[in-house]
Every structure is written in C-alpha cells, then in structure tokens.
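Order of writing sets the chain letters: A, B, C, D, E and F. Residues in each chain are counted from 1.
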Amino acid sequence: MPDHIVTAFTDELEHLSANLLRMGGLAESMIMDASRAVATFDLELAREVIKRDRAIDELEVEAEKAIIRLIALRHPMAGDLRAVLGAMKLAGDIERIGDLCKNIAKRCLELNGDENRAAVKGIERMSRAVSHQLQMALDCYLRQDIEAAKTVLDMDDDIDDHYTSLFRETLTYMMEDPRQIGSNTHLIFMAKNLERIGDHATNIAKAVYYMVTGEATTGAKVESRLADDEGEQR
Amino acid sequence: MPDHIVTAFTDELEHLSANLLRMGGLAESMIMDASRAVATFDLELAREVIKRDRAIDELEVEAEKAIIRLIALRHPMAGDLRAVLGAMKLAGDIERIGDLCKNIAKRCLELNGDENRAAVKGIERMSRAVSHQLQMALDCYLRQDIEAAKTVLDMDDDIDDHYTSLFRETLTYMMEDPRQIGSNTHLIFMAKNLERIGDHATNIAKAVYYMVTGEATTGAKVESRLADDEGEQR
Amino acid sequence: MDGNMEHFTQTKSSARADAASAPIKVDCQNIDVYYGDKQAIEDISLEIEDRSVTAFIGPSGCGKSTFLRCINRMNDTIESAKVTGKIFMDGANINDPSIDPVLLRSRVGMVFQKPNPFPKSIYDNIAYGPRIHGLASGKAEMDEVVENSLRKAGLWEEVKDRLPAPGTGLSGGQQQRLCIARAIAVSPEVILMDEPCSALDPIATAKIEELIDELRERYCIVIVTHSMQQAARVSQKTAFFHLGKLIEYGDTERIFTNPEHGRTQDYITGRFG
Amino acid sequence: MDGNMEHFTQTKSSARADAASAPIKVDCQNIDVYYGDKQAIEDISLEIEDRSVTAFIGPSGCGKSTFLRCINRMNDTIESAKVTGKIFMDGANINDPSIDPVLLRSRVGMVFQKPNPFPKSIYDNIAYGPRIHGLASGKAEMDEVVENSLRKAGLWEEVKDRLPAPGTGLSGGQQQRLCIARAIAVSPEVILMDEPCSALDPIATAKIEELIDELRERYCIVIVTHSMQQAARVSQKTAFFHLGKLIEYGDTERIFTNPEHGRTQDYITGRFG
Amino acid sequence: MSSPTEGPANTGSFVTEEALRRLKKRHGAEARFKLYGQLAIGIAIVALVTLLISIFGQASSAFSRHVLSYDLNIEASYVDPDGTRDPDEIARNVSGFNLMLQDQLADEFLPEDADRNVQRELYGMFTRLAVLPIARATADSPETIGSEQIFNVALADDIDLFLKGGVSARKSIEIGEVAAGEGAIESGVTLTLASQDATEKLGATLTELTRTDVDNAPAVALIKAGNTWYRLEGSEDRNLSLTYLAGPRMLPSNGAATEALVLAQSQENRTVTDRQIAWTEILRAQGRIKSKINTTLFTNSDSTYPELAGTAAAIVGSLLTMLVTALLAIPVGIFAAVYLEEFAPKNKLTSLIEVNINNLAAVPSIVFGLLGAAVFINFMGLPRSVPLVGGLVLGLLVLPTVIIASRAALTAVPPSIRTAALGVGASKTQSVFHHVLPLAAPGIMTGAIIGMARALGETAPLLLIGMVAFVAEVPDGPMDESTVLPVLIYKWSTGAERAWEPQTAAAIIVLLVFLVLMNLIAIILRRRFERRW
Amino acid sequence: MLETFGHLPVAWLLFAVLAAAAFMAFYVGRTQAVGIARGYTSQLNSQPNYHGYFVAMATIAPAAIILFLYLLFGESLVRAQIAGELPERIRALGELELGQYIDRISEHATRRDALATGNALFDATSDRYTDLVGLSRIGAILLAVLAAAGGFFFGRSRLSGDFRARARVEDGIKFLLFLCAAIAVLTTIGIVASLLFEALRFFSRVNVFSFLFGTEWNAQTGADFGAIPLFFGTFLIAFLAMLVAAPIGLFSAIYLSEYASPRVRSIVKPILELLAGIPTVVYGFFALQFVAPIVRASATWINGLPFIPDGFLAAQPTSALAAGLVMGIMIIPFVSSLSDDVINAVPQTLRDGAYAMGATKSETVKQVVMPAALPGVIAALLLAVSRAIGETMIVVMAAGQRAQITPDPTADLTTITVQIVALLTGDTEFDSAKTLSAFALGFVLFIVTLIFNLIALRVVKKYREKYE
C-alpha cells in the first residue's frame, strides 16, 4: 500500500505497530523466562519476570493512547481503521499475556522446589509450544500474513491437548502425594495460564486475519471454537 | 448531555448501550444460575447456562460490529469516542464473564454431587458477591456514575479475600480426602473463575470511569493494582 | 408511461419495507457524457435503490456531479453536453426523446451546492413548483402543501410565523432546507443533492444530514459530496468515481471499512496522489 | 490545567520531538474587536507557541477568522473594525501605533481561504514580496529565494520547468501551495492560514496538511479551519471559539478526546444547535 | 387526485390528461415568449439597418462630384489687371477669375444679345468660389497667364445633383427621326416626327410622369434634335411645337435623330432650369463633364456653398477638443476612481460622492452645456467657440463615465488580489499600483475610449458654448475658434439647399468612421486583455 | 528682459524645470538612503526608492502650490496694480467699463505682434502691463525655486533609517487622488450653483409660478414664459420613446440573456451596442430626413381615410411622433444593455433551481428571473426615461419649435431642451430674461432627471447588494 499523503499518519501507524511488536517480543521472552524460572526453580528470575510485566503494561498504555489519538485525530478508514482496531485487540492480548506470565512467575515463588519433575517438564514443554505460537502470531502480524495466521489458529489445539494431559497428570500426582497438593495446584494454574496465553496468541492471529481481510474476528464459528477453549474439556 | 443534531447517531449510541446492558443482564443471570446449578447440583440448569453463553457471544459480535460501524461512519469525538471505546471494552469484559460462567457450568457437569458442602456454599456466597458487584458495575454504566464505579473497585478486595479463603479451604479438603481432589480442583477453578468475573466487573467500572472522566483506565496506579488481582496471593 | 407511474405508486404505497428489500428506483445503463469533445463520464452503469441514500464520492473532476445531473437531465441545459446511454426510472428510459425533461424534473427534485431560494416569500418559494404543475387547486390546498413540505424539511417550526418573509432572509442552513422543502413540494420520487452542505458550517451541515436521514423513509435520495465523512454518515450505498469511471459501488459500511478496490481504499484512507 | 498539560506533553514527547519546549511566539492579551457597534471578539487572551500548529475552530461567526486577522493586523484594512488589547510578538506589542502594519505583515505571512495567486508568472508571484521588501539584491539572489520558497512549499519539482507560466494556470491545490510559498518568501516568523483548504478537494487538502506539518518545524503556524477533523489532523494546540469568546484552549489531543468545557464537547461531538 | 400533500404516493397525477394539456399550453406559452424576443431583436436590427441605409444612401452622392473640365484661356486682363504677377494678388482676385470664366462660357454658349436672365442661368451653373482652385493654381505658376489651361471647375450643387439623378424624376426616350422642321429659332420651331408611334410614346411618358408628381403639375419634355435642345410647348399629331433652349442655333435637318427628356417637374418647381439642363446635357454629350471623388469634403473647411464645404476644420476642431477632454477626463477620472474604490473611507461623505458621481453620469448632456456657458464663458470669461472650453465641458461630461468604468474595472479585480498583496507585506498603495491598477488597466482604457467616443459624438452642450459658429479656417490651437464634427453635421442638416443633405450624410459617415475606429480599439482591448475572474 | 518674460510660454518651461528638479531630488534622496543603509536596504524602514520619491515630492509640492496660486491670482494682482496706476479719469469710469478697458489692455499686451495704437496712454499702459506680467512671473518663479530648494533640503533632512518615507509618499499620493475625486464633486456643485444662480436671476424678473404653470411660451420675443407646453412636449416625446424602447429593449435583453446561443449573442449584442454608439445628432438627422416625412405621409393618408374628419392629424413636417420614434430606437440599447446586465446578475443557481423544479424556460424567466431582476429593470427604465427627457439633438432637429399642448403626436411640439438650445445658441447676453429662462429650464430639467436618477440608482444599488 502506498504511503499516506500526510506522512505523519503513516509514521504514527508504523510507530504503533513497532510498539506492539516490541511488546510482543517482551511477552515472548517473559514466557520463556517464567518457564525457565519454574524449571530451574530460579526465584531471582521469577522476580525479574514479575518486574518486567510493568514494562509491557506501560507499553500497552502508550499503545492504547496512540490508538485513541489515531482514532480521534486521524479518523482512520478502511484498512487503516482495521489496523488500528486490530492493534487495540493486540495490545490487550499481549498485555494479558504479560499478566499471565507474571502470574506464573508469582506462583513460582510459591513452589518449594521439589515438585514432580515430570509436571515441571510438562510446563516447560508447554511454554515452549506457547511461546512458539506467540512468535508465529507476532510474525504474521508483522507480515500481515493470513495464511500463517490460520496455522496459528490450528496450533492452539495442540496446546489445549498439552494442557489437558498436564492437568490429568498433575491431578494424579496430587492424589498420590496429598502434601504436594498446594504446589501442584500452582502447577495446574501455571498450565492453565499457559493455555490462556495460547488463547491470546490465537486471538492475535484472529486480529491479524481481521486486519487483512476485514472479516469479523468474532465470526460465529471461529469464536465459538475459541470460547470453548476456555474449559480444558470438550 | 443534549442529543446529537443527527439523531441517528444518538440512536445508534443508545442502541449500543442498551445492547451492552442486555448482555450484562444476561451475564448476571448466568452467574446466579451457574452457582445455583453448582449448589443444587442441577445439571439441567448447568446445561442451560452453557447454552446461554451463545446469546452473549452473539450480542458481543453485534456490539463489536456496531462499534466499528460507529467509528468508521460517525467519527465519534470526545465523550462519544470514549463511550464507544469504553463500550468496546465493556463488551469484551461481559463476553468474558459469559465464558467464565459457561466454564463454571461446564465444570459443574464434572462434579459428582457429594462435594464438600462448605466449599459449595463458599462458591455460592462468592457468586452472590460477584453478581452483586457486576450489577453495581452495570448500574454505574447505566447512570454513568463515577462514585459508584469507585465503590465497585473497592468491592473487588472483598471478592479476592473470598477467593483466597475458599482456595485455602478447598486445599485443606483436598488434603483431607484425596479422592475429592478432582472435583475440588474444579471447585477451585470455579472460585478462580468467579474471582476473574469480579476482575471483569472491576474492568467495567474502570471503563465507566474512563468514559465519564476521560482519564485513562490504564492509569498506572489503578492498573498495577488490578494486574496484581491476577494472582490470588498478595 | 401512465402504466409505469401506476406501478410506481403501488410499490411505493407498500409502506416502508426494510432497506434491504428496497426495489431499484433508478437503473442507469452505460451512461457516457461528453462536454464538447471531452468525455466526462465513461460507460457508467449503476442501480440506485429506492428509499435509501446513495452517495457519490470521488476526487474533484471525477464526474460525480455530471453523472448526478444525468438523472434529471439537467445536462440538457448545458449547450455542449451530450449524454448517451439509458436511465430507467420505473421502467421508462428518461433519456428517451419522448420524455419531456420538464415533467421528468418534477419527478426528480434537485438541491444544489449553494442554497438558491427564489427571491420571493418563503411561502411562494414552496408554492412555486406546485403552482406551475397545477398540484393544488385552491388556496387552502396550497397552504397545506406548503405546510407539509416545510414540516418534512424540518423548517416549519422555524418559519411558520414568517411565511411572507423573503426566503433569502434566512440563514444559509435554513435556506438549504427551504430548497429541500421546495423540492419536496412537487412530490418528487427522487431527490438529487449536489454537495448540499459544502457552503454550510458544521452545525447547519449536521442539520441537513439529519434531514436527509429522515427523508430517506419516503424518497430515493442521491447525494454528491466531496466529504467522505459525510458520505459515511448519511448514506446506505456509496459509489466511488474516479476520472469519469465508476470504480466501486456498494454498501457504505463495507466501502468505508473494507473496500474491494485498491483505488477506493487509497482514496478513502488518504493515500491518493 | 497546567499540570495536565505538562503531563500530556511529557507522555507525547516520547513519540515525537518535544513540542513542549517550544517558547511562546505570540502572546495575545485581552483582545476585543468591534465591527462598528458589534463586538466580534470578547476579551480573548491566548499564547501561541512557536514551531507548532495552533488551530482555531468554532461554528461560523464565532470570531476565529477575525481573531486570526488581529495577528497581522489585517483588520486594519477593514474600515469599521476596531481592535483593542495587546498582542506581543517577541516582546513587542504589535498593536502599538508605532508599529507599521505593513512591516508587521512581512513578518507574519498569511494564506487565505481561496488560493489567490497574483495573475503573474509563478516566479513573480514568489519574487514580489522579497522585491518590495528589498530582500534580494540581484537576479541570482532572487532566483535562490524563489527556489527555496518553492522547495519549502513542496512545489519546486512540479513547477521548476515553468516558472514563467502564470500562477493562475496551476490547479487549486498547487495555487494554494504557491500562495504558501509566496508567504514563505519574505521569511516570516508566523504564518496565518485562514481556512486554507476549504476550497480544495480531499487530495489537495491532504497535500496542504502534509505541507503544514513540514512547515511546523520552522514556523509558528496558526490555522483557522471549520473542519474539526482537519484541526485534529494538523494541529498541536486547538482553541475553540464560540460567539466571539475563547471557550477552551489546549492540546489538540485533549480537546478532541477529553474537552473540559461542555460547549466544546457539544461542538466537537455534533450536539450544537 | 385526493390530496397533493400525501407525498410521492400521488405522483401518478402528473401524467393525467389534465397534466398533459397543461404541458401543451405551457410549451405554447414558451414558444410565444421566445417569438416576442426574436421580434424585438428583429425590430431593433431593422431600425439600425434602415438608419444606416438611409444615411449611406444619402451620402453616397456626396462622395463624388461632377466637374466641368474646361480649357480656360487665362487672360491677363482679367486675372492680373495690374500686370504685377504678384501671386498673392492673383490668388485674391477671385472675382477676376470668375468674370473670365463667365465671359468665356458666355462666348461659347450664348449669343451676343443674350438677355441677363439667360446669362444668369449660365453663370448659375457655377458658384463664385468654384474658380478658387484656378486662381490658386495660376498664382502658383503665374507664367501660365496668357496660355490656355484645362481646369476642372466644380459644377454648382444643383447641377451636380441633377447629374446624380436628383432634382426631378425624369425619363429619356428615343422618338425617332425628324421628318420636317420649320419655323425660326427665335420665335418657335415646329417639328414633325417621322413616326406616329414615337409621338404617342412621348404623350404616354408625359402623362405617366405627370401622375408621379406630388403636386400633379404637368410634366415637361425637353427635345433634342440633332445637337440642339428645345422645350416642348405643345403637340398635335406628329407635329411638335418647340422653343429653342440651347445648342447650335439652326433648325434640325430632316432625318436627324431626336430624343426627348421628360421631366416630372416644370422649372418653376425645381432648382435647375430647362436651359441649364440643356447645357449640362450638351456638355455631357461632349464628354466635358466628369465625375470626380469629392476630396473637398476632407480638404475644405466649412463654406456657405455645399459643393465647396468640407469637414477639415471640424475634424481638427474635434481632435483638439478631444485632446483637451482626454487630458482632463482620463487622468482625473482614473485617479478619482482609484481614490474612491481603494482609499476612500466608507462614510457618509464618500457615499455622497459616489451617489453624486453616478448621478452626474446620468445628467443630461445639455446641462453640462449650461454649466460651460455659465461658468467658463460668463464667469471665467473664456472665449466662446474654442476647443479649450469645449474640451473642458466634454471632459467634465465624460469624467463620471470614466470614473464609473474605471471603478467597475477596479471592482472586477478580485479582493483576494489585494489581500494577497497585503498579506505579503505590501502597503495599500503598493497593492493598488502594483497589482490592482495594472489588472484593471484594460478595462479602464476601454472605459476611457468609450467615454471619449461619447464625447466625440456629443453635440448639445457644444451648441451652448458657441461652437456652432461658422469657421472657415482650420484652427491652429485650443484657443482658436473652431467647430466640431457633430455640430457641423447639425449645422449642415439645417441648411436650406437640398445639396446639404448628402453633404450632411457624408459628414455623418466621417464621424461614424471615427467612432467605429475608437470602438474597434476598445473592442480589441477588451478582447485581448479581458480576464474573467 | 521683463518684456521677454512677459511673453514667454512659461508653462512649458516651468514644467521642464520642475520635472528636472524632481528627477534630481529623487536621485539625491535615493542615493542618500542607500548610503544610510550601507547596502543592506532591507534594514531600512522603507526602500531607497521611496526616500527618493519623498525628496522629489518635498521639492515639487511647494513650488507647484505657489505656481498654482500664481495662476489663480497672478493676473488679478497685475490688473489691480494697473487699475491703481491708471489716471483718475479712467478710474472714475465705473467698475464695468474699467474692467473692459483693462481687458482691452490685457488683450493688446499679450499679443506679441501688437502694434502701437497711437493712443499714448493705452500704449504706455499696455507696455506697463507687459512689464508687470513679466515681473510677477519672475517673482513667482523665484519664489517657486526658493520653495523647491527649501522643500528639497527639508526632505533630505528627514531621511534616516527609521524614516517612514513610504508612508509619507503614500500620503502624498492619496492626497492627489483625493483632489481628483473632488473635481467630480466640484462639477456637481458647479452645475447646481450656476443653474441656481442664473435661475434665481431669472425668477427675480419672472414669477416662479407663472413660469411653472403658465401655458404660453414665447421666450424669443421675451413675452411669455409659461413652461407647461414645454413640459408637455418633453413628456409626450419621452412617453412615445419609452413606448418603443421599453418592450423592444426588454424583450431583446431577455432573449439575449436567456435564449440566444453564445454565437447569436456575440453577433446581436454588438449590433445593439452599435445603436448606442451612434451620436444623437445622427439620429436627429435620421428623424428629420427619413422618419418625419414618413410620419407626415402616414398622417396625411389617415386624414384621407373615410370617417376621419379633415385635418384630424396635424401632419407637420416635424413631429413629436418622429422624434419619439427615433428617440425610442436610440434608447433601445440603453434599456436592453442595462436590463441585460441586471438579468445576468441573477445567479445561475436560481435558474437551475427553477429548471430542477420542472419549470420551462419562459416560466423560469417570467416567474423567477424577472421578479428577481425587477428592481433593476425598473431602474433601467427610469434611467431610460431620464435619458429621454434630457435628450436634445433629436428633438432639436425633429420635434419642432412650436410650444403647444396637443395630444396629436403628428403635431410639432417643442421641449425643454429644444428651447434651451434655441435660447442659448448664437451670441448671448447673460442679462436678458430670454437667456436666463434657458437656465431656469435647465434647472427644472436637472431637478427632474436628478429625481429619476436618484430613485433609479438607489434601486440599482439595493439590487446589486442583494446578489453580491
């Protein structure tokens, strides 16, 4: 697409999208760091991740302001409008991802370090998958690539499967060793959080799809599928 | 505020807000019904609640369309713009509330009916509080009342306390009776969901606050507090 | 033609159906317009729905006004203009030489860029059309026509106490509404508006837009505007013109959120040039 | 309000060059303007920042143009107009009788609603100002002034091959940019624009807006516009006028998202009337 | 139709029979209305064409003039009785030349004993001043005295008019050969024609022309038999009784060809006598009468004799007057317009000035004449009949016109140009003199020229300041007595002799040519520089 | 020496000297300004040229004023001096004769080739006169040169970097422009004053009422001054003229502005304008030579018809009808072009509005354009009437001289303007009632046309404002 006659408009849009990508990058690193903190029981790292959420939040505030500013002052239309509204969704989702990572890190502080290794491994594996999904989603935002966005949507099924098996597994450990119930519950919540991060990554992909095609993100079919992801059972 | 010269604009805004209130009403009833289904172990009611989420989703799709339409065709400014953007947040939050209720209902189907009554009672109590909070939030949206909105923000602390105690309680039950770990985990998740619903109600109040005052919802202080609500510990 | 008109009145009387089921009111087929040697409109075909507002947008000189003026044959009054193609209104080709443009124009009202009330009283401004077409057979009936037209144009309350005052004494926005009332007075079926708000300030503009929205319930309205925002606000259908060609035509909402054609997108988002 | 502004400008500064550090260029104090017996401007005080765009908006007849014309004393050319109050530009009160309005106008350029190039060549259009002010002492120097001005106005590439062609032969948008170049040629410090795009189509408008955005880096620009959207797009500060009074003045972003005053809100959201 | 106010539902009513009938009527009215317009324009154009045709028709005869080319024996006794050969003396001796011409003509055409009336008739074929060119030519080259020179002598205006077909309706017919002629030249001749037909033809022509005459006076026939001219006194069968008029004093020989010139009017009712006609015909038959382009119209000044009167003095007078007018009206008018349009404060006083100027433009021109008479002549004591006063009066007369035209041209310059100039820091005066005035210049010049054209055609005020005086000399300067073209036209048109009519028409054409030229310049200016905003 | 000056064509000489002085002053001023600015001319308040203009202005203006005053009063001074020097017996002659005597001296003295008359006193006075004129001229010129020099140095002294030379120069220009505008006003004052003055003199001899309401007019004999027949003739002819001009002019204008194609318009309009460009004297000739005989013949023919009483129509060689018809033709373009302007000023949007309502062209014209243009059209007609009333040459040549009141248009009638011309042509003395009556008539004419014009112009102005 050619540039706007008013270059400031293009600049602002580009600045917004760069901001979002920065946020996305931060979120990605938070996912990895949080899971590493869990796996290595690195409380320092966990605390650092918690702190890092502040940065994402600030970026989101900035992005939201920029978006309101764009809508109020530039009156974006057509593709531009979709880009701005999509960015709004994106910012919200990434911010939530940040929150969820922070939550994982916080729960990490509650662990005692001798949790079931298999479950911890599961968390780590899952976080890798989720992080990959987010990376893909951000990539398809950068490239405005709807084919990639569709793949991201598909990836979500795997993550849900991960979560379901992790949930079952952890439940089993809990039954085996009731003393571990407390920390295992935290593990379940971590898994749940990762699963939610996956959902948000999916949302990002949906937003990209909307931006590019103009077709509603909230299209009935896709929506219902994603809403169901809420629960771990189907 | 006087009406717009172009009455169709006022009409559309009012229609949007009516829609949101309808959504809110639906969500409110879903909270109550879901908790009742849990308390009375009424699987029929649970199934009905699950079905009802569809209606909220549809309303949200409609609201989102109306919002895009408003932004694209009417170019809302100042208060109108805030109302529209706020409505966008509201719609998302209420839709999430619906999802969470559906999740509670779904988990209800997983229960076996002989869970710890105290915990179930706890869920019921908590859902009453949450429902009340949501009602208040919607009310302050209807009346655009920032004082009420502030009260809603305060109410969230109670709910968090509720959740924390419920979590501890259920954990104790789980340790006492490992066979109940599965269903108790569901109860914990239900409580977590209710707590999340409370967060969304808080979000609604924040949105109202933004709509009316124009001060950023994402104002650093409020934001950090709400982000912390994410975790059950403080 | 008699039969046609009857048909028309029937479809009209079938109340205000929803916009979606609105029948086609004007069907333009392969319209070309030449000014001398210069081709101003190139092969435009377009169906305009009844009881809705259709907006023509496009950069200046794109031919949108020229095309609008085809619909009531105002181009006939320009010496050098030549129009080819067919425009069916209720099945009759209005470009047919047998159609008297004088009669046609009583069925297709027009409102211009600059408010142009006749230098007569407000009353006479409205009564002029019905008078030349013999639409009212007495003073009482004429009073009724005048009142109704002014009411429909949302001007009655503002002017009812000074009907004998000159129309040129009104404010710009009121003048434009007076012109709309004047157009309404001859009970047209189609109302053409050629940038009706470009000479008005935002408030008067908003009032006219409100009026247009109300009139949509009874008339087929076509509006040319160089303000995309206005097109977005008032119209149900939007046609985008460029260099005398029709680039894209469709639901306003779609055009402004998800246009199909790259040129449209570029124009709407301010990327032209 | 001051605190707010500071807060705002700071958050903005992360995105763009800081407009906050811009000093005050024009300081208007208690300006009243009378046309005969009619008071057109009532006690307006306003500080205009250097190197930024300040937009004046308001319904027609609100006095925004009148106020603009105080800044280069164009109201002096209207017989019945009487201006009181002080306007300091770099510390000197320009309303002082010892100030020659003619010299003032060479420091405060003005661009008008309708593009008004002189019916001379493009070159002479630009060269006229420097010539009467003795700003260029030879042909070569003048050529340079002309080229620089045209470049700054983004017109050089389009017209460099036809400098001797008449300025009136350009398109509307080009003419307006020519007028801006002409204003720039006398090296003004402030540029006043009185609805510079109201006679132009959206594309030409966008180009002018782009130009204004570029010029902001060197000049203090004040623009009157009846298009709120335009004010939103181009300005950093916005002043809302109503019935000759300044209702609200502040950062554009704030005015358009969160105006303090009810009247501003009503006007901006289209609730006036 | 139920109620017309129900909205579009009743639009079908437009195509009722009633509506169609109305439409037909409306289109009928349309056609009639258009016809009125065409008629109006038609009438206006016909009026113009009639006017031009009638004037050009009249004038056409004034542009040529008949002269007698006469070989004159310049006799010293007449022209230079003192024998000084002083050119001035010779030139001044008009009566000598005149006498010489008369005597030599008498020698050729009259018998010794011709009575004074006949002599006067002969001399009446020339005006006294007709010899002026001969006198001047002789004065220029005195050596020609005593020799025979061929001169073109202007014929009297009546003779000229006769030769151009004027004076009286007439018809020339052949009436066969002479069968017999008897009687005496002095007492009357009886002529017998060869053919009866010819006699009848003559009779028929006589009655025909008698009928055409307004006064119903009997027609007159002049008979030419051989080279001798007679007047027909009566006829009986083929016998015509004739009176000798002119030509060889001999009876016609048998078989000589005869012609009859039948004139509708008898000589009592016309300005040319029978005998003069006869002489004219004889001279013409000899080829000594020539038609020449009438240069005197341009070279001569006014004269009491139409054939010698010219427009030279009036043209120069007009030019001098216009010069004064232009010097007054154009700069003052433009400056005044600039002041009023650009500088004058808008107050009661200036609006009064404005009203005053507009009124002044519509004040009847004769009032300016009164002003001139009262102020310039009576009060200031300036001489009458001089271009200076005329120019001043006309200058004041066209001043409002120039001001109004200039103001219109100035107003036509869009205000945006002024604000543009002010906007780049030009002063008011600079904006006016650098931008507005140059742009308005074509319009101003057009207005000025049109104003001058009006002044050129103006008559009435000049009558009142005495420019109607008889001026025989080309004026030297603005303080010389002079007249102007339109006044000359007025004066000539009141002349008693009919010959003044074509002369007047010719002068009109001269005036019109000047006006057309000026308007042409104005049109070219307008065409070339006109700018539409 | 004095004598030489007394005869010199000083005007040209002075003009040249002043021009040279101005040029020099300009150059000096400009150079000085450049010097002040040291090359940075943009530092100056005004451009160097304006400093030049200022000095030039300062130099010429006082000199010009002195010379102008000299032109106005110089001769009076000389004459007063001469009058003072004349011997007692001549001074005792009385003002009028003394004045005439000095007139003769002055005339004699200013004639370069004047010969001595032989009258010693006269010749001496004449010489003295010449000397005095020369002296006064030298004085005036010296004064002017001094003033110019003073102005020059004053002007130079004012120059500085801050000096607003441009403003001063522009004030000067504005004053000059104002003077020019004042001339137009002075003209009106002159008209009113002179007419009023002479008319009052007339009314001091003839009763106002007998002038305004008397029905007998015999001014040439100086007997009767009842102007009613003149008023009647004037208005009858104007009425006849309007009868021709109004419909034709109006319909032409309508046709041209509304119906005619640009081509037809471009041909017909100049033709109509041609009618306006023809001098009135030509129309007079046309009326006299062409129309009057036709009118007379027609009248004779009508008189000859059965049922028409003998001598029903006067059938005079000059007649009101002939003058009226031709005047009507003359006024056609006046009406049509004024109406055309007015009709064209009606905005096209109004027509579009009517067409868009389904009006036909003639309906648009009759019901929208003409009502909108009506004030303007009425004003045009009023102006035309005023023109017809004031028209002179046509009536002078074709209307006749007989002051009578008759409704018969073929009779010869006289008008105000005819009588003015008749009374004032040829040598006139400004003392007789006969001459003065012309001014009284002129005054009436002026007032009547003024009223028409005022009304018309007012209407036109209102009309213009409406569409601006």
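In this section, a contact is a pair of C-beta atoms (placed from the backbone, for glycine too) under 8 Å apart; a residue touches a chain by one contact, two chains touch by 3 or more.
Please read these numbers as outputs of a predicted model, since none were measured by experiment.
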Q) So which chain is farthest from subunit D, going by the mean of the CA atoms in each chain? A) E
(Q) Let me check something: if the centre of a chain is the mean of its CA atoms, which chain is farthest from subunit A? (A) E
Q | Gap in Å, rounded to a whole number, between the CA centres of subunit D and subunit B | A | 50
**Q.** Mean-CA-position distance for subunit E and subunit C (Å)
**A.** 64
Q.
Distance between subunit A and subunit E based on Cα centroids, please, to the nearest Å.
A. 107
Q) Roughly how many whole angstrom separate the Cα centroids of subunit D and subunit E? A) 67
(Q) Which positions in subunit B are in touch with at least two other chains? (A) 4-6, 9, 68, 72, 75, 77-78, 81
Q: For subunit E, write out the residues touching at least two other chains, lowest number first.
A: 26, 427-428
Q: Could you list the positions in subunit C whose residues touch two or more of the other chains?
A: 102-103, 106, 132-133, 203, 206-207, 228-229, 232, 256-257, 270, 272-273
Q: Return all touching chain pairs.
A: A-B, A-C, A-D, B-C, B-D, C-D, C-E, C-F, D-E, D-F, E-F
Q.
Applying the document's contact rule, which stretches of subunit C touch subunit E when the two form their complex?
A. 1-2, 5-6, 8-9, 12-13, 100, 102-103, 106-107, 130, 132-136, 141, 144-145, 147-149, 187-189, 218-219
Q: Write out the stretch or stretches of subunit C touching subunit F in their complex.
A: 72, 74, 77, 79, 102-106, 109-110, 112-114, 116-120, 128-129, 132-133, 168, 179, 182-183, 186, 192
Q) Which subunit C residues qualify as touching subunit D in the complex? A) 59-60, 201-203, 206-207, 226-229, 267, 270, 272-273
Q | Interface residues, subunit B side, partner subunit A - complex | A | 53-54, 57-58, 60-61, 64-65, 68, 71-72, 75, 77-78, 81, 85, 88, 92, 99-100, 102-103, 106-107, 110, 171, 174-175, 178-179, 181-182, 185, 188-189, 192, 216, 218, 220, 223-224, 227, 230-231, 233
**Q.** Residues on subunit B engaged by subunit D in the complex (per definition of touch)
**A.** 1-6, 9, 75-82, 213-215
